[in-house]
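Order of writing sets the labels: A, B and C. Residues in every chain begin at 1.
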Amino acid sequence: MSVTISSTEPALTTRQLTLAYDRAIVIRDLDLVIPAGQITALVGPNGCGKSTLLRGLARLLKPLKGTVYLDSASIFRLSTKEVAKQLGILPQSPTAPEGLTVRELVAQGRYPHQSWLQQWSAEDDRFLEQALAITGMVELANRPLDTLSGGQRQRAWIAMTLAQNTPILLLDEPTTFLDLAHQIEILDLLYELNQTEGRTIVMVLHDLNQACRYADHLIAVKNGGVYAQGIPSNIMTEAMVQEVFGIESRIVHDPVTHTPMCIPISRKARLA
Amino acid sequence: MKHAATKPSPPSAPPSAHSAHVNLLRLIGLGIGILLLFGCLIASLLLGAADLDPRTIWQALFAFDGSTEHLIITTVRLPRSLIALTVGAALAVAGAITQGLTRNPLAAPDIVGINAGAALAVVGATFLFGSASSHTYVWFAFLGGTLAAIAVYVLGSIGRSGLTPLKLILAGAALTYLLSSLTTGMLILSQRTLDEIRFWLAGSVAGRDFATFTSVLPYMGIGLLVALILSRQITMLTLGDDVAKGLGLRTAWVKATATVVVILLAGSSVALAGPIGFVGLVVPHLVRFFAGVDYRWLLPYAAIAGGTLLLLADIGARIIIKPQELPVGIMTAIVGAPFFIYLAKQKVKR
Amino acid sequence: MTKSWLVIRSQKSLFSIRLDRRVPWVMLTLAIAIAVVMILSIGYGEYPISPLDVVKTLLGIDTGTADHAFVIYVLRLPRAITALLVGTGLAVSGAILQGLTRNPLAAPEIIGVNAGASLVAVAMIVLLPSFPLVALPVAAFTGALVAALLIYLLAWDNGSAPIRLILVGVGVDALAGAFTSLMITFGNIYDVSQALVWLTGSVYGRNWEHIQALLPWLLVFLPLSFLLSRDLNTLALGDDIAKGLGSKVEWQRGWLLLTSVALAGATVATAGTIGFVGLMAPHLSRQLVGASHEGLLPVAALVGGLIVVLADLLGRSLFAPIELPCGVITAAVGAPYFLYLLYSNRNA
């Protein structure tokens, strides 16, 4: 696995970003650079603010202070449709209206590329079919979403985000609900999109080992701030896991990918 | 265990202490609610066309001497106040359960067709047999409401997936529209029926005697009791069918029982007081702002808030245009709606 | 694999739309059904005219009876057209609201249109019996707009979250309903009877002037709703997804709400508060052509129109010579079919 360590130009930059829900501040004065053309993984314990950060990066949450820059322009100054052509976001557990088919859902991803007159161009068709094919949803395309399994549903939503065809993709826990095979499939898919098309991918991941395997850039979030960031082999230390997650662990060498691997140490003596 | 895990992860207060604190607050709130309810009950006995003093009430209840004032209290004010209290409580609890069962904030007991069925039965009886007494209204209303609710339940359960919230709502809405259009048809055809029935249709607790009250009370009592027993199961049901099943809940059984409870509560309410719409829809939302989403708290709060609201509304209905009276169904909305709008604005964020 | 879509695209690819494949057939069938029912409806009455003569007269061919043209053009055609337009407006209004709030129980009622219009109309009928009936639609329309605006403003708090709209709508609805039923309970019984007919919804005695007042609203806002259907699709996926896709959520929602209020307000002002159509026509249409709004809105429009036209015909014929307002019948026409659909989908 070839990892470009030298950070190229930034895809997204935050300056003094402060995010809050109803005055309860979650992220405070954050300066962050998301490197372009790389896979960035956000890790951290539940409630540390990583999903909030992702929503903030995607302009879903208006900051209390500071801003997010996309290509050196403030994301809130650009028209939201322009942003949507650059940046796709898949939030956690979205819901679709009853009876909507997979194909119809994925077609929504083309929304930012359409206009009142041009409602369904040949290009729209191409990206739709491509998104369905990549996610393996062709067979299920005409099924209503509510008749699918959790994993199939998640793939349909990812297909929608792919149909949007944006250079930057933000995903909040894209592998939840998926079995191991599908988890690897989705992560491989994102890796491939990154490698072949140079897309920037930012995702919240819970599995530290998967984060280390797939990410070029790892950001550990703790209490609404960045605890550490950089290439996984530098960041993934026993001290970091202790500080951020509050558990003892041993970091070993992954024999397959040569990335760090975290083995948590159980608090039960029997398993220690 | 080599490294003792001495460091508890979250820096904030431990969750158990926090929830104990919340529960204490809720318990205090419940106590205040009960006091308020009791105060309203006393006020309801005192105020009206003729204002009485507390001593007279005490004597009427415990040293009855047959005077006009004592008679007013025991035969008019007391039954009426108790009916307002219980009907308010029953409707609010029925509404909370319906909203949980359908997982829809727009649902109310009327959604299972109870009010529409009751109104159709009472209007139909008046239309066909001429004027009826309020005694017969009670049983027509109860019967009509129950039949309609059963029909909705059966229609909503058709199919392999059983009773789903969407099917229940849609079947209920369709049948409600069907029944109420029949009712309206009769009212348009017969002005006499309209004149006779319109006060009942607006909802009122006036002019009911003790016998009427006690004949319906058992149904309400059973309904309220089962509702409280079932509250934990209903909370689980609000998490969704699959989660509830996974937690070991017999969902079909709970849904059926909960529906029976709604029918008992709302059916006996409409029998006693006519179709009062607002309480069942709005009181559950109102108390959710204070009591959270756990039905073990929500239902007692709803019962107290519903009873208090209807008592207050009934007092208002009596004294606002003295000696005339307003239907209490109208007063509940006038009293409760502004408060409800205020709370919705304050508490619903995002 | 067969595609379920029909895509229409111009050669130079300046223009393209996408529809569910079922949409054209369903719409054609509905249009034929509407035409048939309207011809029957125009022919039916105290002075019966055969369907053939109705068609002839409408095409401008002389049937040999001088009365035909008068009966049809002055009395019956405007009424039938009013019924069609009213159903159309209510159904589209309801479909928009169900999409916006993502709630299957949503109907024009929840944005206060009915409550506002009813309150004002009943007040006029009961409190001011001398109020000219001609001005009633204008008064009702004003009531509808004021109530809708009140709900929107009361629910606004850094944005118009659908759930807050629903709850505030319920509150305003209850309040207005209370005052309406106050007048129903205490008004003069003759006036109350009149008010009840209005509340139920009726197209009795509607003439070309009513259509002239109603039509501009539909001509502006129906096409607007079709143009906004893609935006409605994204909003129906929830605010986060819609924002992520580049939808100006508050702006689009504002336009859609305005469209819905204008459609419902104008129809309620013309024909009173006809229930059922706004709630059920969207559900029926979803069963027919799926949940995507490009196809759903036009189909719902036709379903709504058909229901009200049919209801008016039945209202006049069922208990002839007594006439029932069509608002009584809409549910009687729609509910059984609706229950049948529920039943035929029982394996879903």
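By our rule, contacts are C-beta pairs under 8 Å (C-beta built on N, C-alpha and C of every residue); 3 or more make two chains touch, one makes a residue touch a chain.
Keep in mind that what you see is a predicted model, and the values were worked out from it rather than measured.
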What chain pair has the highest count of contacting C-beta pairs?
B-C
Which chain lies the greatest distance away from chain C when centres are computed from Cα atoms alone?
A
Inter-centroid spacing, chain C versus chain B (mean Cα positions, whole Å):
32
How many angstrom between the C-alpha centroids of chain B and chain A?
47
Can you give the whole-Å distance between the Cα centres of chain A and chain C?
43
Chain A: which residues touch two or more other chains?
98
Check each residue of chain B and list the ones that touch at least two other chains.
166, 349-350
For chain C, residues that touch 2 or more chains besides their own:
104
Mind listing the chain A positions that touch chain C in their complex?
55, 58-60, 79-85, 88-91, 94-101, 103-105, 107-109, 111-112, 114, 116-122, 124-125, 138-139, 141-142, 164
Flag every residue of chain C that touches chain B in the complex, lowest number first.
103-106, 110, 154-155, 157, 159, 161, 163-164, 166-168, 170-172, 174-175, 177-179, 181-182, 184-185, 189-190, 192-193, 196-197, 200, 275-276, 279-280, 283, 319, 322, 324-325, 327-332, 334-336, 338-339, 342-343, 345-348
Touching chain C in the complex, chain B uses residues 104-107, 111, 155, 158-161, 166-167, 169-171, 173-175, 177-178, 180-182, 184-185, 187-189, 191, 194-195, 198-199, 201-202, 277-278, 281-282, 285, 326-327, 329-334, 336-338, 340-341, 344-345, 348-350
Chain A partner, complex, touching residues on chain C are 1, 3-5, 7, 9, 13-18, 99, 102, 104, 227, 230, 233-234, 236-238, 240-241, 243-248, 286, 290-292, 294
